[in-house]
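Pasting the structures here.
After this come two complexes, each holding chain A, first together with chain B and then together with chain C.
Entry: the complex of A and B
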């Protein structure tokens, strides 16, 4: 028994020090007026939480974040599945395609943000260059408040769809080949095979990708921070940007941690909803 | 089916390859503008600046942090190296990082009790940091209290700005601020005298009209001008906070009455923000700012005039522009312009021989104002501003003089960062037509008032 605990001890030490303790400490800080440089941090009870509920910046950033997170998670989940099915087929240069599609994932968000900002630049961007070359009007991708979040979402999908694609490929490789063979003998077409065999059997992977993508994109920071600064106006100002500003620019760590806890509760809520919707279909027995 | 998948994958790869290998794009027309040949914006190569520079090898090591990552950082390192050459017992590690990262790092270092020995901030940040007790009082750096720096030689309003609750914090290095930079070649091409720039708001609009051209070569003063088809802009609305403050001061206003009330719903605020908004949507001499890169456009010759900081000097030189510079024009009733200062600080924990070495270094840097002015930043020392010549440092001379005559600092407030980040996005929304002038200023005012009520 002791031996078992010794095996998990190294992990537990790091987990308790760098995850559990900061989380508990953040909850503790959220009940205080915690100016980062101040020597005293007075206890304020639920004051920060009351302020959060009537803070219109919180609601505005939460709305922007929800829009971005749902759109990006949906696009990534669907697009990565389509590409994964395509590169799972025995086509020529299959490994090359897999490599090319996965490659952008290795970029840091800073690099991706700078590259994407130039690509979608109204004046000098390559996207508008091709649009005008095709005789289409140039688009203010990052300058129009109505399309700035879809643009950020598009850039994020380009950057990150390789990772869910990889998970899907692993899932696809786990589907027994005899199911397809039997269906083909029964006269099923390619589309029918995908719809009736691949998609249902991929549900655990789809569920996993949808949940992890949604959680990841709720925490969006780098893309709007680098590409738009939260603008135009505050059209792409997100919760984590607001949290960062509050804690590190305004020195209000107590309220910053309250925003963090508020976001964590929102993520928890939507994750539970997803479990409720997908949960029943997340295990497959062959 | 396999063939379909292969074609899909190939098409996707082809898209990526095209995007990667395409030629450098010329400027496409913005929505509603026709496709026209526009001079390609030549991005000047950034001068490489070491992130960490080690000056000298002396045993007594000072650590000096700042946010000077442009060519001004290289000038700063030159000055520090000259100091260590004269003082071989001291070595200095200069660490330069972008301002946003710098603030994060400085905060954590102050909280953990391990701050750098010297660091750079701006004068308006003094209350924010001094109120937390992390800045060392620096009265003894000045000759009045036996220090090396002659306070009588510091520009009056700059010296006054160092005071917070009866104490003096830091030593000002410069007075930088807002001015008007213009492209002389574009002036000549428009038939304007390249040695005369606009002094008033009316002149500014009139010249901007002459300098704004559509694809057919008509300027904005012409009856045939097509505002949907502009290839050269007369001007642009740059850094909103600074442009707005410079203008609202001229109309006799400010963002606060300094008694705890926000005044962004005032007539002066409407006049200031409205004047710049009209340049975009009424006079059609400035582009909608979002997505418009004013620096690159100025470098590429598709923007004729730009209100920008004194720090733009080296960028213009690197771009090979035939530039001119003037004081910020008088748009309102009285001359005024936003200014600020880089101020060097030491932490409260610094003492002993390190403190003495820091004093010597700060005094040396302050004395070297003429070297610092080569980066475009006019010195905060009166004698150095007088010694600055038009022949050697024209921008520092012209702008420095205007800063001395009618320059003005922003209100130093304990929550200044919060205030700025509350009203600046509202200006962004006004200039990008996301909100009306009235709505934007009303929202800005109520947001700033909330902060002032909470943070007194």
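Entry: the complex of A and C
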């Protein structure tokens, strides 16, 4: 029976080394002034946390991050559902459409970033080219502090909506067909069927997508890092970019961990919301 | 009779109309979604003097491979080496972590040992902790082990994938125990049951996990950006951000780099699309 431990031993070693110990160490570090090259890392108590609460830049990056995450999660949740319902209809080429819509998801954020950065370039970007071709004014997509985050959000939806779309399609496949038949005999239109049968039955999937999307996009880094560098000014500087800058540009590891823990608490809050809502998700029946 | 007829005709017409609308919507969307990928490829084969010229040539009349030659041979880029790094690291991570996750999942689903359920629940708790918290401590650990700028820095931390263990355990639990009984009577050991019965029966889950572990490793930007500094040690996504930051004005060159970094995954996706799409729906992995 003790031999059975051998089967979990490799994983437990990695898990303890790269997850459990680092989490505890992060908490420990956040109570110290931890410059990476210094010989000593003096204990500072709650100073890092006190500083965080007074740190305007932290609040600014948190605001940017929340704005981006809520907008992107909202757009993805709604848009992916519309597309999923459209693709789920018994029409020709549905596999082809599915194939195209999921394709950008397999790209690295690095690829997505360099492509989108040029698409939304004010002077040479293809988006503005077609806008002016249509007689519309050019837009400073990434250069205007008021629209830089919606632009990043739009690019992220292009890159990622195929994933929630597939989650929705999996949900749609679970809705029994007979539910539609009675309504159809009563003469309900397709739109009516969608609104009164599909959407209510899809509510668990919709909540699931909304919360997981929100959590995922709190961690946004690559898109602004590549496309804007956090600019213009600091209009698209996100929390993870601030963490990156603090720890790997200024080498302030203690305060960096404090930022990470601050963000983690925000994420944890939404994770708990998710657990509350979906604790018994698997027991839902139609 | 007449009433039925008008009803069915109008129903069919309405149906046709809504189908037409649906196809128009999906077709336009497909063009919008696919176009940036196509366009990046077109730019990468467009001669430099035409890159900034409008209107855009959707089918360039004088395509060139010049940018590919340049991006692959520039000494300050080392793109072939980055490609090799990405292939080696992603492959090793995938193979090793699949083995570690599956054997752990097997133990948690089939074997008895004291504290098993406690261990499993504590692992699940880790799923709730956002990975960002461990970034700095793991970085310091990797640095103290002298692993910065080596493959070790990317490979070993990736082995602690809780999600893989969780996913496979759920899958293994759904395999009926009777499947193993014959083997037990034949005197097969635990490892042989894992290797010759459980793994082959879990092909769909393992394939999905393999694909998404590989894609995740191939596409990762943040962690390699932190632990890799030397030019020749970079992976493709890190290299691409450097290329993008250094040669801002040479768009065709950057696009050639982007195409090289994404061609393998897009090709892979095109070939295994059915499995990949089914894999997403089966596991809920494969996205953000």
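Worth pointing out:
In this section, the second predicted complex is superposed on the first by the 254 of 286 C-alpha atoms of A that agree within 3 Å, B and C clash if a C-alpha of one lies under 4 Å from a C-alpha of the other, contacts with A are read in each partner's own complex, and residues count from 1 in each chain.
Going forward, contacts are C-beta pairs under 8 Å (C-beta built on N, C-alpha and C of every residue); 3 or more make two chains touch, one makes a residue touch a chain.
Note that this is a predicted model, so its numbers are computed, not measured.
By the touch criterion defined above, A:14 lies against chain C but remains apart from chain B after alignment on the C-alpha atoms of chain A. Legend: residue contacts after superposition of the two complexes on their common chain; A:166 is shown touching chain C, with no touch to chain B.
Ranked by how many residues of chain A each touches, chain B and chain C are led by C. Of the two partner chains, neither chain B nor chain C is touched by A:185. By the touch criterion defined above, A:251 lies against chain B but remains apart from chain C after alignment on the C-alpha atoms of chain A.
In the superposed model, A:83 makes contact with both chain B and chain C. With both structures placed on the common chain, the touch criterion links A:100 to chain B and to chain C.
Within the superposed three-chain model, A:126 lies in touch with chain B and with chain C [touch as defined at top]. Of the two partner chains placed around the shared chain by superposition, neither chain B nor chain C is touched by A:134. Of the residues of chain A, those at positions 36, 83, 86-87, 89, 91-93, 97, 100-101, 119, 124, 126, 129, 190, 248 touch chain B in one of the two structures and chain C in the other. Every residue of chain A that touches chain B in the complex is listed here, in rising order: 35-39, 82-83, 85-87, 89-94, 97, 100-101, 119, 121-126, 128-132, 137-145, 190-191, 230-235, 237, 245, 248-251.
Interface residues of chain A, counted against chain C in their complex, comprise 1-5, 7-8, 10-12, 14-15, 17-23, 25-26, 29, 36, 83, 86-87, 89, 91-93, 96-111, 113-119, 124, 126, 129, 158, 160, 162-164, 166-167, 169-170, 173, 189-190, 213, 215-217, 219, 221-222, 225-226, 240, 243-244, 247-248, 253, 256-257, 260-261, 263-264, 267-268, 271-272, 275. Here chain C touches chain A in the complex through residues 14, 18-19, 22-23, 25-26, 29-30, 32-34, 36-37, 39-40, 52, 54-56, 100-101, 103-104, 106-108, 111-114, 119, 123, 126, 128-130, 132-141, 156-157, 159-160, 162, 165, 190, 194, 215, 218-222, 226, 236-238, 240-241, 244, 251, 254-255, 257-258, 261-262, 265-266, 268-269, 273, 276-277, 280-281, 284, 286-288, going by the rule given at the top.
On chain B, the positions that touch chain A within their shared complex are 1-2, 4-6, 8-10, 12-13, 16, 18-19, 22, 25-33, 35, 41, 103-104, 107, 110-111, 128-129, 132-134, 288, 290-293, 296-297, 415, 417-418, 421, 425-426, 428-429, 432, 434-435.
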